[in-house]
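Labels A, B, C and D are assigned to the chains in the order they are written; within every chain, residues are numbered from 1.
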Amino acid sequence: MELISALLVQLMQMMLVLWAAPLLTGFVRKVKARLQRRRGPPILQPYRDILRLLKKEVVVADNASWVFRAAPYLIFAATWVAAALVPTFAKGLLFSWSADLIAIIALLASARFFLALAGMDIGTAFGGIGSSREMMIASLAEPAMLLVVFTMALVARSTQLSAVADLLASSGVGLRVSLGLAMVGLIIVAIAENGRVPVDNPATHLELTMVHEAMVLEYSGRHLAMIELAAAVKLLLYVSLIGCIFVPWTLATPGGSTASHLAGFLAYIAKLAVFGFLLAVFETAIAKMRVFRLPDFVGGALMLGLLGTLLLFASRSL
Amino acid sequence: MTFSADDGVILVLVIPVIAAAVLALLPGYRLSARLNMLASGLTFVASLSLFFADHSRPGHYLFIDDLNVAFIVLNTFVGFTTSVFSASYIGHELETGRLTPAYLRFYHAMYQVMMGGMNLALTANNIGLMWVGIELATLTTVLMVGIYRTHEALEAAWKYFILGSVGIGLALFGTILVYMAAHPVVGEGINGMVWTVLVAQASHFDPALINVAFIFLLLGYGTKVGLAPLHAWLPDAHAEGPTPISAVLSGLLLNVALYAVLRFKIVLAANPGAVAPGPLMVTLGLVSLVFAAFMLYRRRDIKRLFAYSSIEHMGIITFAFGMGGPVANFGGLLHMAMHSLTKSGIFFAVGHVAQIKGTQKVADIRGLTVTHPRLGWCLVIGVVAIAGLPPFGVFMSEFLVVSSTFAREPLLAAPLVLGILLALGALFYHLNGLAFGDPTGSDAPSDASYAPMIVHFGLVLIAGIFLPPVLVAWFRHVAEILG
Amino acid sequence: MTHGLTFDVAHLLAGGLVLVSFLMITQHRLYALLNAFALQAVLLAMSVAWQANVQHAPHLYVTAMIALVFKAIVVPVGLHRIIQRLGIHREIETVIGSGTTMLAGMGLVALSMTVMLKVTPTADPLAREDLAFALSVVLLGLLMMVSRRNAVSQVVGFMSLENGLVLAGTGARGMPLVVEISVAFSILIAFFVIGVFLFRIRERFDTVDVQALDRFRGER
Amino acid sequence: MSVVAFLMLCAAALLGVALLAAAIARTRAATTIIYGATLVLCITATALSIAALALGGAPSRLVLPVGLPWIGAHFAVDALAAFFLAVVNIGGAAASLYGLGYGAHEEEPHRVLPFFPAFLAGMNLVVLADDAFSYLLSWEFMSLASWALVIAHHRDAENRRAGFVYLIMASMGTLALLLALGLLTGPDGHYDFEAIRLGARTPLASAMVLVLVLIGAGSKAGLVPLHAWLPLAHPAAPSHVSALMSGVMTKVAIYAFIRLVFDLAGPLPWWSGALLLAIGGLSAVLGVLQALMQDDTKRLLAYSTIENIGIIFIGLGLALAFRADGMDAAAALAMTAALLHVLNHSFFKSLLFFGAGAVLTATGERNMDRLGGLIHRMPVSSFLFLAGCMAISALPPLNGFVSEWLTFQAVLQSPDLPQWALKVMVPAAGGLLALAAALAGAAFVKTFGITFLGRPRSDQAAAAHEVDRLSLSAMALLALLCLIAGIIPGFIMDAVAPITRQFAGDALPLQAKLPWLTIVPAFESGSSYNGLLVFLFIGFSALLAVWAIHRFASHAIRRAPAWDCGFPDPSPATQYSGSSFAQPIRRVFLARTPATREEVLMPAPGDMQAARFRLTIADPVWDWLYEPFAAAVEIASLQLNKLQFLTIRRYLSLVFLSLVSLLLVLAIWS
């Protein structure tokens, strides 16, 4: 019975991230449009896009290799698995012990790895631009993320997300400078990783400024759909990550009552809304950066992460 | 058995003399080359008998003890292999007209005289006789170095002669001083020059006197050993003389001179009041080692290159004996033997190379392993061995010397290691061009005689992996004698 | 009773040798140098003979004769010939000024004294003095070899070095092989002189042919 | 007969094969015979060593009456030796298998065949040796054999130079080790390791040993700043030998370090750990940055070896630090991580070098800027190479991730360290590690993307062909090992437990017992990772997606020219090249450093020729460390060489002066 419910929660969670992801994307777009005094597309537009793309035939460049065609599914799978391991409304997921925070980062890294390769497969100039810039950004964002993880793991003595959430939920930790730094760092990383303004503009098609779009330039039909979905899931993943680490109190505990799960679920939706809104505001407020200004921005996250880790000792030794 | 030490000793000394006389009279180089081989071979066999000779009864003039028997055997052995090599080498010289039959006759006779002189120096129990032997060997080698009668050869021979004579003079003065020191103790006459007696009585000698004596002997015989800064004659003599002579010089004469130094070191060590000989030898050794290592880089003549490497190794050996102690002495003795075998083997190879390519300039010899694989790889093996890389014997001796030194005198190990490394770098810097890359010069097939090389390198290889227990036990005993 | 006398005579002769050595390193003309050397040879012969007398060692007379005949007569005459034959000009090129040479010589003598007089007096005093003088003669000879550019004077330097050796050897009571050694050395010297003659070494005996070195050894 | 005896037999047999090769090298069948023999022997040795490890690695000893007299040659196999023997021989077996196919393309097989088995034998003997002499002998023999292999293609001046530099550095390392061993054995020559273990030594001596071993083994392993020879030498050799040098020989150096420092040197202070951390982190980051700048695939791989060695040394440094502070469990964790990475790196680095070799045989090109699109011509090789790239980029579920994950877990134990310096340094090292991992990802995206994807940049690349089956099977074998080691690392961690128990005083909890083959670094921390499940999840969800889409949505597909924002098919030259791919990272990390110099050559106004952009990549270590030394030798030899041209009189004065000075010494002292 125990197992069944846990399995149920796990599966619900996987489905949830899958279905909620486009919604979040659409919501952010909508809010952005409103803030820019546009009416903007309906919130459900992303679903429509994906469905249409799925129905269309795929146009593949003549010299595309199997990497090009396999990549979308691998990217999607890796992202999805990663997202499935992040507690959204309930912690202590059944399979959470199969991968910890570091593994989640690595899963996202593999997704990126294939995306970058796919970008280079056709052998066009834009694919190369996208891939090389993506890897440059990642080379800063990934270590920053890991340092943030260190900060939390050193507090929790574990890299297991549920454990971290538990610890932060138990008010024994209290508010720490280092955790605050970690949060800022994590948000910057999230922005960079999801290719949001100011790092990248998901709406642009001005070739020389785009990163993510440049890599997927050659994609069409179901492939593109997979990639778009994966991107949406990734955004959701980061949002729920931030949610579960820094607002862990609403998470339902395993074996808890259905009511608690329901409450957790509603709270989760609320979190998504809030973070989505904030993201939209942030994006409208700030302008896209030149590519070579990015290191300062993302490198800032790296510094914050390291600072957080070091300050941790200062605060621990109090 | 009825065999007594003296017979063996007599044989070792007499055979070369007779052979020299015969060779001086014989025309026809083929025959005399054969005879030369034969005589050297016989001497070698005779020397082997010395192992069974009893070492208890040292004579006034000659004697055999554990220290010199090894040197004699090594000496006669390398003398023999060199004579084999020289047989195949000299013929070519005759074809190219660098030597005339008359000179060849002279050459062979002198070869035997030189061997006789060195054997005399080694078997002598009398420091005067030892001096005579070394002088004899030196003068004959002087004549052989000049045998090509080219400007360079004469220049080299002349330089060798002058420096050698001064060395001889200093050594003699030292010998006289030793006698003077012994005089009050052992009384007048022959006894004052008998080494065994000297060692026995050394503790009563006047310290100040044998101190001076040792300085003169160290510098006098050190000139022969080729220790920097007394080395000047050595590179040119090696480079300009016939290659067999270079081989014998590097392989044997240097050892004999060092042997003389060791004899006197023992005397000095037996006297409590005297200065410790160690520091002097250590200093000279290190200077020679590092100096030669640097000099190796700028050599353009292949034979001069390996001559300098001889200086380097003599430096290591002198250093080892200067350090003293069972391990270091063992290493020194081993290194001595290994160096003679390896270096003479290298000179065999180099001799053939120079003959084939018609030049001694390193820059003009390229890609030997391509044109002459066997010769080229022999050279590579030789350089690998002499550079102190395993699995060859030099590695073992250097291992013993360095490790024991560092445990005792870390500061001394630094220059030692630096010198070894520098020398290795220089050798391979040259080898890179010599053996590898696109070949230059003639690729005419060589009628080289590989047997001597293979035997030498084979022995060095075996010694590097497995030393026969008898040899070891005996080396260790000698190491204790050396203190 | 005669000890004092023997000592003084030996001392006198040995000291004479050293003096003549000084004389030699200050010479500027070849012939004068040769004469000085001949004088030294004579003195050597006398001191050897005296030792032979004192030590009752007749074989030393042989050495004395060699010194007298060979060194005092044959070699100097031969060198005269060579000088004329090869037309070597008579000035001696010195490396360092004669004054400096003098001082250096003094220093060397002082050095040999200090070194030798450390020897405990128990050793035979005769031998001791002789050694001190012999050592200074040897060193002076070396000094001459290195401070003169001229081949002949270098030969002479070597010979005076050898005189010192013989002096020491004969001073050593009952030392065997002295005769043989002196003979061997005479041969050596013969080599020297012949070499100088054969190789037509006019001025320097530094080298046979300077160009040859640059051409062949050319490792510059 | 004991295990060690059998292993010695294998090594001896390898030497025999070397001799045989020297005899028959020029015959036609030689390649097959020799590599076949080495393959068999390596497999045997692997089986033996794994058996020894499985039996818990109780030390078994053997003394032969050879080697150093009055001591004999000692050989022994304990858990550590067994583990590294397995690493060596698996690599050797793979290389032999690859060589069976690859060797056929060798122009001068007689310059490779005799030395290949000798090299393998040398590496085996180093690990087997149990006394100072046999140890150093095998060590230098190994270097010598590999030197011969480096200059196998001796007609290329670059290779000769590489061989020269390599031999110098190797001998320097040997001499450093010799000094270290001399310090350990003491003056009266207790040369066998057992005696050394018993002998007591001062802390100072132990520290000196550490530094000397760091120089000796570190130069061989390629630690910054002693690494400069490595990117020259490893690529110069034939590819399967490069694989051995990079994948295996560096591991032998690691073994040397562990044996001498953890086993023989005795207790070490905590700062030794800090030292290792600093050097390791430096090597990791600088190595991978340099790798990213290279356009020569083999050189890139060589630099990435430096990075991975750095990672291993971070693990070892953590182990030392924890051990010094008595945190045995943490030390065990760090050491396990290091050992696991040793194994993993040997797998994927060999695989990658094989791949580079395959490209080399197929196209004759090492410069990736003249390659591209090979995935169409050599599908199998490219697939296997991709596996290698993923593994080395530490992507789950492959093996590279596991060891890095464990290293991170070890880093997370740092708060309990008492020393502040370490408290601060360890997370910093962790940061460097993360940076290195991310950059490695970039480097291998570049390698695979530029070489195999896109369109051919040269005719050779366009005309490439798949390589022979034997080479492919060797690569496939290694790729499979990468996957296995990635999804069930627990067994390996259990296998190395005796080693950590011996040298770190503790071991990880038994992994095999855990459900679903999960691995946990320590029970109290809830951290855990399960490669198998991650693998299954990804596979399952990917398949699910594919099935769902092809079942419910369209599966129509149409081929068309590339879109490329509407530029009609541009020339392959418009593709990103290797250096342009690396340009953003170069700008970020190496701008205005001596490592890179960019210059734009503008033609004079009115001049018709095009402007040119020149980029020069340099390894600053050359200018800072090696060139000055070389210059010093240059000058010194030049000055001293004047002594060769003095006149006889001057030489005489040298003699005279030394005589006088010695007499003076005597007159003044004594």
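Details
Please note the rule applied: contacts are C-beta pairs under 8 Å (C-beta built on N, C-alpha and C of every residue); 3 or more make two chains touch, one makes a residue touch a chain.
Just so it is clear, the structure is predicted and the values come from calculations on it, not from any experiment.
Set side by side, C-D and A-D show the greater C-beta contact count at A-D. Seen from the Cα centre of chain D, the chain whose own Cα centre is farthest off is C.
Taking the mean of the C-alpha atoms as each chain's centre, chain C and chain D sit 69 Å apart. Put simply, the C-alpha centre of chain A and that of chain D have 35 angstrom between them. With centres set at the average Cα position, the gap from chain A to chain C is 100 Å. Between the CA-based centres of chain A and chain B the separation comes to 78 Å, rounded to the whole angstrom. Among all residues of chain A, none touch two or more other chains.
Residue positions of chain D touching 2 or more other chains: 641, 644, 648, 652, 655, 659, 663, 666, 670. For chain B, the set of residues that touch two or more other chains comprises 158, 162, 166, 208, 212, 298.
Here, these are the chain pairs in contact: A-D, B-C, B-D, C-D.
Of all residues in chain B, those touching chain D in their complex are 158-159, 162-163, 166-167, 170, 207-208, 211-212, 215-216, 218-219, 223, 229-230, 232-233, 235, 275, 280, 291, 294-295, 297-298, 325, 327, 367, 369, 384, 389-391, 395-396, 399-400, 402-408, 410, 413, 417, 420-422, 424-425, 428-429, 432, 436-438, 464-467, 469, 472, 475-476.
If you check the complex, the residues on chain A that touch chain D are 54-63, 65-67, 73-74, 76-78, 80-81, 84, 95, 97-100, 102-103, 106-107, 109-110, 112-113, 116-117, 120-129, 131-133, 135-136, 138-143, 146-147, 150, 153-154, 157-160, 162-163, 207, 217-218, 221-222, 225-226, 291-292, 295, 302, 305-306, 309-310, 313, 316.
Chain contact summary for the complex, chain D toward chain C: residues 641, 644-645, 647-649, 652-653, 655-656, 659-660, 663-664, 666-667, 670. By the touch rule above, chain C contacts chain B in their complex via residues 115-116, 118-120, 122-124, 127, 131, 134-135, 138, 142, 145, 158, 161-162, 164-165, 168-169, 172-177, 180-181, 184, 188, 191-192, 195, 199, 205, 207-209, 212-213, 216-219. Across the complex, chain B meets chain C through its residues 128-129, 131-132, 135, 139, 150-152, 154-155, 158, 161-162, 165-166, 168-169, 172-173, 176-177, 179-181, 183-184, 188-190, 192-193, 206, 208-209, 212, 236, 239, 298-301, 304.
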